[in-house]
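Dumping the structure here so I can ask a few things about it.
All chains are identified by letter, namely A, B and C, in their written order; residue positions are counted from 1 within each chain.
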């Protein structure tokens, strides 16, 4: 399956996640479609605006908007029947995170930016959709709290940029990024792996 | 009355709405002016950044900032005497939503973008000011929840783009968009028309 | 000490403030680093996107990201030992606000923009980092509520632009902006100086 096909699957999965969160917050059909679309396309949009990379993906391909808004609306209508889709959803979401990361790295690399920014470009593409979704739903973004979402993106970006330097071919590199990303993400969910927190050590007066 | 005059009236109305929401959240005079300005000019700003359409309106016309910040400050000082202005406010707000939509469509069309993006450009111009206002005030955006605000914008955009294709002249098209937008918006407020919601059908585990 | 050295000190201070707020909200190590980085570099980023001024500062200088993420991570680890740093922090934060403002004014002036936009560019650089930090932490932005943060930025910008017109030299102008900004900010904190609020005069129905 091509990277582009995976990207389309991934924006559908993110639109579903946005739609379900909008529904929980009592949004109407328009709000559900907008939150779904922002969850799906927000990461790439933030990346392109920060890099000055115009036109944005969904402006060059308006059919993406139709796809994400349609997936969100369908999710709203069919939500009760989606229980069985949870495992496929989590797999597509994890694969999508890797696809977002890889595509984000590619765009920054095509602009000749330094490696650190290429990695950050993949990270922004991977996480800012979910981050904006949560801001619109008036929540502290999940991605800042748990689930190693950002760590998965950074690991995959590092593999995607690093393995070719070790002589690994393009296909094997992509495969390694996807396998590692999927494995880390599903383990993080299954075993509740977390990054450290420091809440009880906090002090006041620095804001 | 010209479209530009209506635009100026509309940004004053949106600045008032932002100021009153900032006041309710206990903001100080600066916060009130900033939230008013974001409510008034945020939609056009988001549109221009997404389209890569520089310079932004308020950078080319800094007097808009003075107008919106001044309207917000005046609202703060005179709020108690504004009760009688509620009906005129709602009419100007509805007309402003149509004016924002039409101007947003025009800017995307002038860049030669496809019809779907022209419609979305009008929608973004119409709703993102209020959306950013609510994010700054730590609320789930009203426009994602009720009042058909986005639907009014989409209807007006569709009329504005569609009627000329049916041979309707420019003036009649504008008039139709304004009459339809005003009627739908005021009916939505009066009769509490809503888009469907799906809150009780929601399920967990997809975020 | 050079303006650039002060800028580097200031982004470290802002990264600390973001990290401490992220810790209080229970964020994990990644969230803490991201909120710290957004607090430090968000103001300049918003300014550059609004002005269409590319490449962004941290894309041209990726080492800034390392500095802010590192400062945030160090803050998380060492937070309990930071109590004694509160006074130095507040002084660096105030000096940093002036440095942000002055650098923001310079960038808009270098684009030949009108004086009002130059002032607003300084203001945006000064306050939007803290504003985005608070949005990510699901708080009404502090800068919209108290502490004269925005007023300090506007005063310093006005001195920085106005004194040269009165024949004051560049060094004396900078010195005056820093002294006035530091004095106003520390007095505001010490004596709880506030801009007026209007909460009890608010009315409903205008949103």
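Please note the rule applied: a contact is a pair of C-beta atoms (placed from the backbone, for glycine too) under 8 Å apart; a residue touches a chain by one contact, two chains touch by 3 or more.
For clarity, every value in this text was computed on a predicted model and none was experimentally measured.
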Degree value of the rotation bringing chain A onto chain B, based on Cα positions, nearest 5: 120
Same or different contact residues where chain C meets its copy chain B, judged by the half mark: different
Euclidean distance of C-alpha centroids - chain B vs chain C, Å: 29
Chain C: positions in contact with at least two other chains: 49, 52, 135, 138
Chain A residues within the chain C interface of the complex: 49-52, 113-114, 116-117, 120, 131, 135, 138-141, 143-146, 150-151, 194-199, 201-207
Chain A to chain B touching residues, read off their complex: 16-17, 20-32, 34-35, 45, 49, 52, 54-56, 59, 62, 65-66, 76-77, 79-80, 82-83, 86, 89, 130, 133, 135-138, 142
